[in-house]
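Same chain, two partners: chain A is paired with chain B first, then with chain C.
== the complex of A and B ==
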C-alpha cells in the first residue's frame, strides 16, 4: 500500500461530486476567485445524466460547464472517491491505488442521488436492474439491441429511459407506471403552466414509444427465471399479466446520498440535507447543492450549484439573483413528488422468502421480526455487506418506515487498504483531543 | 474506436475502448457475475458503483465493481461461474 500521507493537497474549496450541481458550483466559485478542487469517484464527469454513450460526446450543456470549469482553473480529479473526514480539515480520498489527504477550508457537497430499489419476488435475478442503472450500463457498452425490455416504476425517468432504450434498438413492450391515470391527469394539467418546455419534452418522448404500451396504475409483482430473468408478472391491483422479457428495468424513484452529510453530522430534513437560502448546511464551512438537498432534477441542481458556488466565494449578491428561479423549480419538483408518490401496495410485494438485503441474503421473514435498522443489523446482518446498506436500508425506509442508522466511515466504498490509513489517523486525532 | 483484448474467465474477448468491464461481460453473455452468500446468481443492478452486485475479480484483485472499471488491454477478468 502507498503511504496514505504521501500526497497532500490544499484548496480553498473542495467540491465533492462532479455531477451538474458540483460542476456548476466549482466553475462558479472559481470564476469568483477561489482555488477549487473538484472530486468525482467515476472516470466520467457530469454525473449519470450527462454520461456520454460509447463513442459519443457529452451533451452540449455538459460541454459548456466543463469548459467553464476548465477556463476558470478548477483542478479536476476524476476517479477520486472521498471516503472519510478527519476533523477539522482533512479529507481522505482514494485515487486509483493511492490514498491522498486533502486539506479544505470550505466544502461543497454535491454527491447526488441513487435509485431506490424495491424488493419483490425474483428481483435479485440477473437482468432485473435499475432503469437509470440500465441506461448507464448501456452508455458504457451494455448490449440491448433486440432485447425485450419491460420498464416499470414511476415518474418521468420511466419515459426517458424507455425512449433511450428504443433508440438503442431494444424492444420495449410495456411501461408500467404505478401512478394512476387520475394522478397523471392532475399532474399534466398543472404542468402546463409550471414548465411548458417540460410538457413538450414529455410529448416528444411519447412519440418515440409508439409500439410500447404505456400502462398507468400497473406495477410488477414477480420476476421469473432460473439463472436469469425470462418473464415478469405485473398487476393493476385486480388482474395479472405475465410477459416474457429479457430485461426488467425498474425506476421507483431516487434517494439522496446522505452518507457524506451524515458523516459530517449535517442536519437533515425528510427531503435531504437541510440548507439555508445560500445553500449553507448546518455545518460550519460546508455547503450542499443538487439532489442531496432534495430531489429536483438537473435544472434545479445547476441553479443550486451556482448559488452554493457564489456563496462559498462570499458573493452573496450574485447568489441571490438565482433565488426566484430556484423557487420556481422547487415548486415543480414538489408537484412531481406528489403525483408520483409510491402506492402502499408496493410495500406488500416481498414474500417471506424474498431476499431483501442482497449482500447478506437476508430474507423479508428475518427482517420483519426485527424492530428497527439496528436490530436488523445485529441479528440478521442486514445492511452490513458491501453496499453498506445503500440498497436495503433505503428500501426499508419505504417498507417499514425505518429511519437510517447513523453513518460511520467509509462514506463511499473503497479498498480495505485505503481504510487502514484513514482509521489510524482518525484514532490519532481522537487521542490528541483527550485531556 | 479502436479495439482491445481482455480475457474473461480465460477466454479472449475483443471489445471497443471505453467499455466498462460490466458491459464487456454482458457482451460475452456471462449471465451471473457473482454468486451471493447463498449461491444465488447475481449481476449488475445500479450501474453506478453503489450496489456491489457486479463484483468480479480483475487482474487478481477480488471484489472489483465492474460497472465503474473501464477495460484495459490484457485485463484478466474472472467471474464466480
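== the complex of A and C ==
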C-alpha cells in the first residue's frame, strides 16, 4: 500500500502515548516478540518531560529508550491521535489529514498527565500560565530572558522549573510553595532513604545560589493587570504581599489524563486508573502504565512501562523482577503526595466573578449554584468548549469534589472529516498488515 | 386507601422535568393550580439537552403543521423575554434542494406553509449561494423560512421551571416514579406517594413505563458539535429530503441538518435509529451522518469536532405527539411522544392540556393529538 492510512491495520499490541512509560512499554514488548504500534499525538516522542528544545538533543536516557524501541522494530506513528474505539477493538486514528483504523488485540495506555490549574482572580490574564506549559513554550523559543517571574504551586517541580527559568535568563524573584515548613521538613527527613534521584538537592542548591526567595506556606491569591500581568498578590494565610512581575508560572500539580481510560470504561481509583500487579486494568487485554495509574514521576513510569510491556507479551516472570523497584518508587511517590497535598485554603481562591471555565466564560457564581458536574455542564456550558473540560473539570474535582462526567468520543478534538472517514464499509477492502 | 403523612397532595402531578414537563408546569401554575414536578434525574437532563433546540415549522401532515405553527407563535411571544443564556437566535431555516425535482417540492412546500400562514421564500441557485456561500456548487435552490429560531433548551427549561416555581409549583429532582395508578396516585421509588387530581405523563421515552399502552418507541440520534466558527453558516440548514428520513419506519437513516449556535459552534446532525441497544456513540453512524453533511458543505471537513453524543427521541407511529387523556388511566393525561419536535411544540402541548383541563376551546383542533386515536383505529394501542 502506498497510502498506509486509507486502510485498516492489524497489530498485536498498540501503545497509546510515547512518553517514558509508553516508550518503555513498547520497546519491552517488542523485545519480547510482539509486533508493536506506538501512537503519540505530538510530533516528538518522549512526552513533555523529554522534549528537547529546538536544536537540542533529548536527554541520554530518552535516546537510549528511543534506540531500544527502534532496534526492537516498534512501528512509531508520531502526530497520530487515537480518538475513538468503536467497535471496541478498532481504534480510529487521525494522522494529519488522513484517518485510519487499527484493529488491536492488546493495548497499553500510557497517555500521561496534564497540569492542574486552580482558578483565582486574575488567573486568566495573559502571562499567567502553567509551569509545564511555560517550560515547553521557552523550549520552543519564547523569550524569557530578563523577565521577572514568580513561580507558585507545590512540589519539587517548582524548584526544577525555577532553576530552568533562571538558566534561561529569567529573574525568578519568589517561589511560593503552598506546603508548610513542617510538611517540607518531614519530607526532607525521609528523603535520605527514599530519594530516587538528586533532583531535589540539585534544584535547591541552584535556586539558593541565585538568591530567589523560597517561601513555604505561601500561595497566590490574585493576579493583577489590565490586558496582561503586572503583579501578583500572595499570602501566608495572615499577611499579604504584592510583587511586580511579568510572568506567573503556576504548578499546583499534575492530574492523570483519564479520557482514554474513561472511553474504555476502565475502573478508576482516587489516584488514577486501577491496575493489578502486572499493570493490567479492569478492561480485558488493556494495561496501563505511567502517570495515568497515579503520579509518580519518570523513574516510576519507566518501571511500570517495562512491567506492562513484559506482561502484555506474556512474560510475567520478567515483569515480576521489577516489582520491588516499583514498590520503592511508589513509596516515594506516596510520600510526595502526602507532603504536597493541596491545602484547603486553595479551594476558596475564586471570587463569585472569577471565570472558572475559560472556553465558555462561566463564573464561579454560576457554577456554585449547580448540584454536580452534569448540571453545571447543562445549565452553564461549563466544560463544553474547546478544551472539553480539561482545565475547568479538573479544577472542579478539587474545588467541589465533583467526580468527572462520563467520557464520549472523540478523545481529543479531531477534524470533522476524520469522523467521515470512519465508515466501516468504505475501508474494508483495503486492509493491510503491520510491517 | 388511607393517606400517609409522607404523601403529597396536589392538583397536577407532572412526571418528567424535560422541556415538555416544564412548559406544562409553567402553564398550569400560572393558572393557579398546585403543581408538583417529579424528575428522575435533573431538569432537562435527557432528550431535552440531547437535541438541537430548533424551533421549526414542519409540514409532514396538516396536523403537524397546525401544531408547529401554533407553537412557534407562542414561542415568538416568549423569545423577547428570554435572558442571554437562552441563546436565542432567530436565524431562520433554509431547506436545501439538491435537484430540479426537489425544486418542484420547494414550490409546493412554500404553498403548504403559506396555507398555514407561514412566511417562506423560494431561493434560486444564485440566491442560495449568496445566502450560504459554504454550500457546494450544483445545488438547485432552497426555501427560506425566516421566523424559525434556535434556543438552548436546558436553560430555557430551567427558566420555565423557575416561572412555575414562582407561581407556587414544587420541583422535585432525583425522584424516580415507580408506578402511576389510574386514579391519580403516583408511587415513588422512595416509598412515598403523590395524590393528584390529574397526572401528566411527560416522561418522554419513559412514558410507556407508566402508561403501558402509549405507543412510544425510543429512536436514537447522534449529534456532533464543533469548535467556534462564527458566521460560517447563517441559517439552520436542512436537506429537503429530511422528512423522508424522519418517515423511514424502520432501520436507520441520516439526513443533512446543521445548526449554527450563538456561540459560533456548529451542531451537525442528524441520524435516526430504532432498536438501538445502547446509548454509545456509534462511529459507523457518525461517519454516515458526516458524509451526508459533507455532500452539502464540503468545507465542514476541515472544522474541528469537539464532542459527539447521542439521545433518544420518543417516537410514535404517526409522527404526532400524544396530548390528552390516556385511554387506560382516567386521571392520567399524556404529554409525550414528540419525537424530535418537543422543543418546538412543548408550549402548544401545555396550552392544549390547560384548555382541556379548564374546559376551554383550544386555538387549534386538539383531536389529531389525542392518544385515543390509536385505540379507535386498531383496538390495541401498541
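In the analysis below, the second predicted complex is superposed on the first by the 399 of 435 C-alpha atoms of A that agree within 3 Å, B and C clash if a C-alpha of one lies under 4 Å from a C-alpha of the other, contacts with A are read in each partner's own complex, and residues count from 1 in each chain.
We adopt the following convention: a contact is a pair of C-beta atoms (placed from the backbone, for glycine too) under 8 Å apart; a residue touches a chain by one contact, two chains touch by 3 or more.
Owing to the predicted nature of the structure, the values given are computational and were not obtained by experimental measurement.
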Contacts of A:378 with chain B and chain C, given as first, second, both or neither: second
Chain B versus chain C as contact partner of A:413, first or second or both or neither: both
First, second, both or neither for A:114, with chain B first and chain C second: first
Chain B versus chain C as contact partner of A:281, first or second or both or neither: neither
Contacts of A:178 with chain B and chain C, given as first, second, both or neither: neither
Which superposed partner A:386 touches (first chain B, second chain C, both, neither): both
Contacts of A:28 with chain B and chain C, given as first, second, both or neither: neither
Partner chain(s) touched by A:141 [first = chain B, second = chain C, both, neither]: first
Doubly contacted residues of chain A, that is, touched by chain B and again by chain C: 360, 385-386, 413
Residues of chain B defined as touching chain A within the complex: 1, 15-16, 18-20, 22-24, 26-27, 31-33, 36-38, 40-53, 55, 63, 65, 67-68, 70
Chain C - residues contacting chain A, complex: 42, 44-45, 49, 85, 154-155, 158, 224-228, 263, 268, 280-284, 286-288, 290-291, 293-294, 300-309
Residues of chain A that touch chain B when the two form their complex: 41-43, 48, 54-55, 114-115, 117, 124-130, 132-137, 140-143, 227-228, 355, 358-361, 385-387, 390-391, 413
Partner chain C, residues of chain A touching it in the complex: 84, 86, 92, 360, 371-372, 374-375, 378-381, 384-386, 388, 408-410, 413-424, 426
